[in-house]
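Read through the structures below before going on.
Shared chain: subunit A. Partners: subunit B in the first complex, subunit C in the second.
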Partner chain A sequence: MRPVLLSGHERALTQVKYSSDGDLIFTVAKDQIPSVWFSANGERLGSYSGHVGAVWTVDVNPDTTLLATGAADNTMRLWNVKTGKLLKTWEFESSIKRVEFSPDGRQLLGVTERRQNVLPSIMVFDIIPDVDAEQSSEHALRIICDESKATVAGFSYNAKYIIAGHEDGTVTQYDGKTGEYIDNIQAHEEEMQVTDLQWSPDRTYFITSSKDKSAKLITTDDLEVLKTYVTDTPLNSAAIFPVKDYVILGGGQAAMDVTTTSARQGKFEARFYHKIFEDEIGRVRGHFGPLNYVAVDPTGKSYASGGEDGYVRLHHFDRTFFDFMYEVEREAATGRL
Partner chain B sequence: MSKAQTTQGRTDWAEDDDDDAITLPPTQINKNKDGTETIISYRLDDQGRKVKTTRRIKKVTVRHTVNPRVAERKQWAKFGVEVNKPKGPTADTTSVGEDIALKLSMNYKAAQQEEKSAIEQKKVSLKETKIKCRICSGEHWTSKCPYKDTMAPEGEPAPGVADDEGSQNEGVGGLGQGGSSYVPPHLRGKAGVTGERMGGGKYDRDDLATLRVTNVSEFAEEGELREIFGRFGHVTRVFLAKDRDTGRAKGFAFISYSDRAEAQRACDKMDGFGYHHLILKVEFAKKST
Partner chain C sequence: QDFNKKNLANKAVIDQRRRLLDEWKAWRESVEERMEEEPGYKTADQKEEDGGEVIE
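What follows is the complex of A and B.
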């Protein structure tokens, strides 16, 4: 497996996203210019210029026409994926730490940061999935997280719920239409921030990662913790592999402590865990800073990781990767034949 | 030299200037019996020399079903900072990293722990080694021995072979104990502590599958070598020694394969192969001691 290194960013990567067909990769970093790449060969297709602060988050709508980004310049922006043209800017009183489209692409949420006199909140906007349409400036819904700041959030299947992960390690379920609070669980250790939330392909369950060195698989409907993946390093990201029962976790020692340790001790590796047996089954090294985000191709051909070191490493899997099976899995597979 | 070849029959170099418009022979395409095609084409290179290219190709149709949306996006024009750049990845933003083996295994954790405990054991064994003075056999370093100026090391006539008991050397790193016994770093014993290399042995390669190629033309390039040697198997590393000032090849290269059998095959086939204007010499790289 020879990774492709994408070195278009000058500063630490913050998020990496695949398009729904897996052919494009969107990357954002602290250097203010989001980029888009072809996943097949690592060629850069273009960039989106306009932000004047570190870009924290990116998402693309399901038909790959609209791109949303959120940044430290207190704006959330909408772009034309094909041309790089800025279509809409929403201004807020604090920076945007997470954006996500609903599964049908008709809603967009943004998670705002806490500031003095500004309560952290989750803002939902209605989106017209057309690049020429005039988008509404008014938010359709606002969920205020007064207890603990939301760090990550996303829409469940059919946008029925909005699930948010918080600074204090809890995961909350809100109603997707009214924004009403429904349920809350202490998924991770107290005061350990939830760093990432990524969905299974059908969005009936999701995976959260946390600074408490673990990742959890949780159901959408009743927030039941199904699986726990324990590691030895703070995690920044976790992704569910679509075609095989694997999960990929990424993390590493916090960026501020990195200079005091060697690359080996920093544990800057992507870790592969078996989704069902919760065992670690492999690691991929390469970054020389913590991994800030791992994203998996929805078609399962590759995965990409963005690191604090400013590189995106794009890995296309070898065939042996897909052949690996546990003894019981193999028995089950042969029994079925 | 090659200039002279293209302008055969001319005697006056001054006439070179106006031969920009050399008429190039048309491209020939010959169909071979075994289904391959031979294409002979001519072009002028950047110095105006005529270059003849002979290619033998076999056409294989590989059908690949691509989502129409994906196919459409492939044709999109570049924009933003990439605007007007040609198609294909550019070297400044896209590069290929070192080969990484991802081998999934059920007992990955256990294997890791074993590795760790091996390191621990080594540490313990290092701790247990006793310090022994070579002069008086006391428990201190030879260089700190109170008798070092008055007595010669016991049982050791010649200074310089200071290294048969490795344990004495750690700490001072094997550097001259009580005399002129400098030992070059690579000759110091195991305990001569070379220090942990960065990247944890990332560059520890399998010397058994590495070939040394000598008599390489100074115009050789790594990419070309990779291509040539890649025919025999999976090349994990190509190292072409280059002159730091001129950037030209120094005349030798190392090629590592992932498998010794492939390396053996490449060695057999490529030894004596004519590359550029020289004949390559290929042999297994000797393990450095």
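What follows is the complex of A and C.
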């Protein structure tokens, strides 16, 4: 696998997102400047200036015209992807830790942080998918998370549900239209924060990662835990491959390895697991600090990891990666012919 | 004897994987069936027929 280093950020990366056709990569970091890159060669295409605090989160709408970001400056912002122009700023009383567009791009959610006298919440806004439109300042929905603050959240298929992961290791299902609470499960160990939630391509299931050193594959409709991936390190992120039955996990213990900056390659690893068999397939090392986010190209050509070390490492897969099959998978594939 | 043990272990692993793969496929089929009732939902196959996920 040929790694490309996207160097440009000056601080730890917080989130990395591909556009729906896999051509572009959007990155946010504690350095306040969201960036966009070509996934083919890692060239920086532009940046989005305006935030005055660490940027925690980013998402791009399905037709790659609108970019949403959330930051420690208590704002969620909407940008014109192509021109870099700031289109809208929503102000809150606390940080925005997660943003995500609905599958049709007509809604945007923001997860707000807990603060003294401020309850953590999930705010939903209606979005007009047009760069020239005047976006609404009023939220369409507000879900208060008074049991345990949400750390991550997203929209299911058809935005039927909003699914959130929480600080206490639970996962909640809310009605996507009314915001009404439906179900809650203790997906991860108690008081072990859910650090990431990423969807399968059709959003009928998703993967969560946690500080409890595991990742879980969970069904959208019933919140049933289908698979568990066990590691030996706290996890910050997990992603589902679109074309192969793999998942990729990222994390790492922050204090381990402080003197490796002189080494050519860091020791922090992205871990690949078989999605169905739950066993580890391989690791890719390279980062000098924990992996804060892992993202997979929706077309399956590459993956990108954002590190505490301030780098984004972009890997394009070799042919052998796609050709590899377990014995029973090959058997099933030939059986179908 | 060790060789036999190893073969038995391998067989157990392969049987287990075969079972997991069948179980996964059955679950995916049941989901895709149920999802047909969802307005706007398309299975991966349908998306492919439409020439991929065309956005505009």
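Note that in this section the second predicted complex is superposed on the first by the 323 of 337 C-alpha atoms of A that agree within 3 Å, B and C clash if a C-alpha of one lies under 4 Å from a C-alpha of the other, contacts with A are read in each partner's own complex, and residues count from 1 in each chain.
Following the convention adopted for this analysis, contacts are C-beta pairs under 8 Å (C-beta built on N, C-alpha and C of every residue); 3 or more make two chains touch, one makes a residue touch a chain.
Given the structure is predicted, the values throughout are model-derived calculations rather than measurements.
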Would you check which partner chain A:Glu93 touches, where first means subunit B only, second means subunit C only, and both and neither mean what they say? neither
Touching A:Tyr326 in the superposition: subunit B (first), subunit C (second), both, neither? both
Just checking: does A:Ile276 make contact with subunit B only, subunit C only, both, or neither of them? Give me first, second, both or neither. second
Of subunit C and subunit B, partner touching more subunit A residues: B
Go through the superposed model and pick first if A:Gly8 touches only subunit B, second if only subunit C, both, or neither. first
So in the superposed three-chain picture, is A:Thr204 touching just subunit B, just subunit C, both, or none of them (first/second/both/neither)? second
On subunit A, the footprints of subunit B and subunit C overlap at residues 21, 63-64, 326-327
Touching subunit A in the complex, subunit C uses residues 14, 17-18, 20-21, 24-25, 27, 31, 34-35, 38-44, 53, 55-56
Within their complex, subunit B touches subunit A through residues 67, 69-70, 73-74, 76, 78-83, 87-90, 92-106, 108-109, 198-200
What does subunit A use to touch subunit B in their complex? 1-8, 21, 23-24, 33, 35, 37-38, 41-49, 63-64, 82-84, 262-264, 272, 279-286, 313, 315, 317-318, 320-321, 324, 326-327
In the complex, subunit A touches subunit C at residues 20-21, 62-64, 104, 157-158, 160, 201-202, 204, 221, 226, 245, 276-277, 326-329, 331-332
